[in-house]
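Next come two complexes built around chain A: one with chain B, the other with chain C.
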Partner chain A sequence: MANTHRSTSLGTALRYRGREGMWTWILHRVTGLGILLFLLIHVVDTALVIYWPGLYEHALNIYKSAFFRFAELAIVFSVLYHALNGLRIVVQDFWPGAMLRQRQLVWAVAVLVVLTILPVAWLMLRPVFGLGPEPGAARFEAASAGTETTVQAPAHAAAGVRL
Partner chain B sequence: MSARGAARRGGGYDRPSPRGNFELWSWFFMRISGVLLMFLALYHLLWWNLIVGVHHLSADMVRERWTNPFWRLFNVALISFAMLHGLNGARYSIEDYVRSPGARTAVKTVVYTLVLASLAIGVYALLTFNPDIPRIR
Partner chain C sequence: MSMVTLRIQRFNPEADAAPVYREYTVEVDPTDRVLDTLNAVKWYQDGTLTYRRSCAHGVCGSDAMRINGVNRLACKVLMRDVGAQVTVEPLMGFRVIKDLVVDMEPFFAQFRSVLPFFINDARPPERERLQSVEDRERFDDTTKCILCAACTTSCPSFWANEDFVGPAAIVNAHRFIFDTRDAAAAERLEILNDREGVWRCRTIFNCTEACPREIKITKAIGEVKKAILYGTARA
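Presenting the complex of A and B:
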């Protein structure tokens, strides 16, 4: 049945004990294809910004939903993993000595990804659970306060108030 | 059938035989673009997700950033390398999993069209952007 194309069934594939090499390879593919799918959507919606900003705001409202925050974290994880695992592949390709240590390098990538994604997940998810401010809130408020000052200053001046 | 053609048809299930040095250049491109994208894509994610914050985004904020040609060229580089890197990666997967020649051609046609159309729309928007363009709400 499934052997028409010399392919293996999913069960056989999962029983195959390729250890670290197999799992990093599978995850590299899945994250890569996932990033490409999001990229297609993201480039088109951002392109709307020049002619149809109103439509872009509509797309933004989806991105600002709590559900999408989890998707954004998944995208950040995918890019981070794909980048570091890809760097490992490049290093192993160009530096044969590293190939002999590939198993250690896999674990180094895993540790780096976990150590990086944990604080990022905390910063991105805590506003969803009401545990902290949105990322960039302080910067945004500082910018808005700056705008208010410049708007209010002429009002004071017009009223003859000396500051 | 030429000897080369016969040799090509020999194996059966492997990826299509390399055309010239295409697969070598493909391998090389994946590494060069991959290392560049580490900086371009990770900076992009850091900036919009953590420093600006998606919650504070608006069309005006993006338009303001795009008034600087540097950031538009940055984005042209980011989407060009990302799309071509992703397209070549998708090609690897298609050639691995879609075995019948007809289906392979069909899937490749759809994927290549979607990715290249999206890239074209993105580059067009970035290169023709002008803050004075009247808005169509």
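Presenting the complex of A and C:
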């Protein structure tokens, strides 16, 4: 009985030496799944505020840890990369002539992602390393100190409307 | 002359349960091609090594294989460009018949499915069916295909789904879809609008990078997608 073999395993596929196009595609898939995972977690934790408010507070406290600050940065990166790379694919789909410059387009997306993520990373990670204030902390403290006018209550709340 | 180590994936379906790698040391010139090195192994070291080659000059498309992890024609790659350690493996996605020889029948079935031949039932003119230089230029790139399967077997969409019609078949459909003398563009666009047709392409560009004839394959596929979207190849 003759044996059969077809090379199609994931391991073999990842050993194929594809170039920019292959790796951007893999990253597009990974960031897409990452965003989906975030969305599922977000739906669950937001639902907690209605059903188990205590657990909601607990979840928010977990998110304040340094680990989740990095995870949140990963979410920002995923959304940013997925959006910009998606626009590159749209451009290629509607103007196939752009594909003659496909590698340059990949590097243009990479540069845009890096230029955008660097200031965001600085703002988000600064407090973790004690290099600056928590974004929005000053506003929160001002509101807590009783100067509520700086933070506007939603119109329906001010009017006493119950949702 | 220098010594190189050739690491070849071997598979004999009548003896091996799974492929194995064997190493051969060969003396080569920098201007030798990978095909010459395979010949040196087969002729002087191990006559059981099996691979396809015919013209040996990059025209027949017989000796496409994975060289250092990427699809190439063995007759077009020089030893000086691959280093002292070379890994040679069969094309991915097709059944291995023996060593570096894969079953190309599914590939040719994909090719045939797009009607890769001239169709025009109108009465031919007295002389040639004339065409402007610009109209001929429109599909010039896709006339260059030699059906080596380097593109189709480099495509992750094809690895994941062997029913995908694959880049080579789309290239050959493009060659006729955009030919003003041909009358069956609509029929081919209908065939490629299938769920196993052009829409499985994710513009990964492995095909374009692998093509030994430097056909802009992903661009050609993009043009076919656009023709389907707008309902005409004459836009």
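Everything below uses one rule, namely that the second predicted complex is superposed on the first by the 127 of 163 C-alpha atoms of A that agree within 3 Å, B and C clash if a C-alpha of one lies under 4 Å from a C-alpha of the other, contacts with A are read in each partner's own complex, and residues count from 1 in each chain.
One rule holds for everything that comes next: a contact is a pair of C-beta atoms (placed from the backbone, for glycine too) under 8 Å apart; a residue touches a chain by one contact, two chains touch by 3 or more.
Only a predicted model underlies this, so the values are computations on that prediction, with no experimental measurement involved.
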item: Chain A: partner with more touched residues, chain B or chain C; value: B
item: Chain B versus chain C as contact partner of A:64, first or second or both or neither; value: first
item: Which of chain B and chain C A:102 touches, first, second, both or neither; value: second
item: Partner chain(s) touched by A:15 [first = chain B, second = chain C, both, neither]; value: second
item: Which of chain B and chain C A:93 touches, first, second, both or neither; value: both
item: First, second, both or neither for A:25, with chain B first and chain C second; value: second
item: Which superposed partner A:111 touches (first chain B, second chain C, both, neither); value: neither
item: Footprint overlap on chain A, comparing chain B with chain C; value: 5-7, 93
item: Residues on chain A engaged by chain B in the complex (per definition of touch); value: 5-7, 29, 32-33, 35-36, 39-40, 43-44, 46-54, 56-57, 60, 63-64, 69, 72, 75-76, 79-80, 83, 86-87, 90, 93, 120, 123-124, 127, 134-137, 139-140
item: Touching residues on chain A, where the partner in the complex is chain C; value: 2-8, 12-13, 15-22, 25, 89, 92-94, 96-97, 99-100, 102
item: Partner chain A, residues of chain B touching it in the complex; value: 12-13, 31, 34-35, 37-38, 41-42, 45, 49-60, 62-63, 66, 79, 82-83, 86-87, 89-90, 93, 99-100, 114-115, 118-119, 121-122, 124-126, 128-130, 133, 135-137
item: List of chain C residues in touch with chain A within their complex; value: 11, 13-14, 16-19, 66, 68-70, 89-90, 92-96, 154, 156, 159-160, 162, 202-206, 208-209, 216, 218-219, 222-223, 225-226
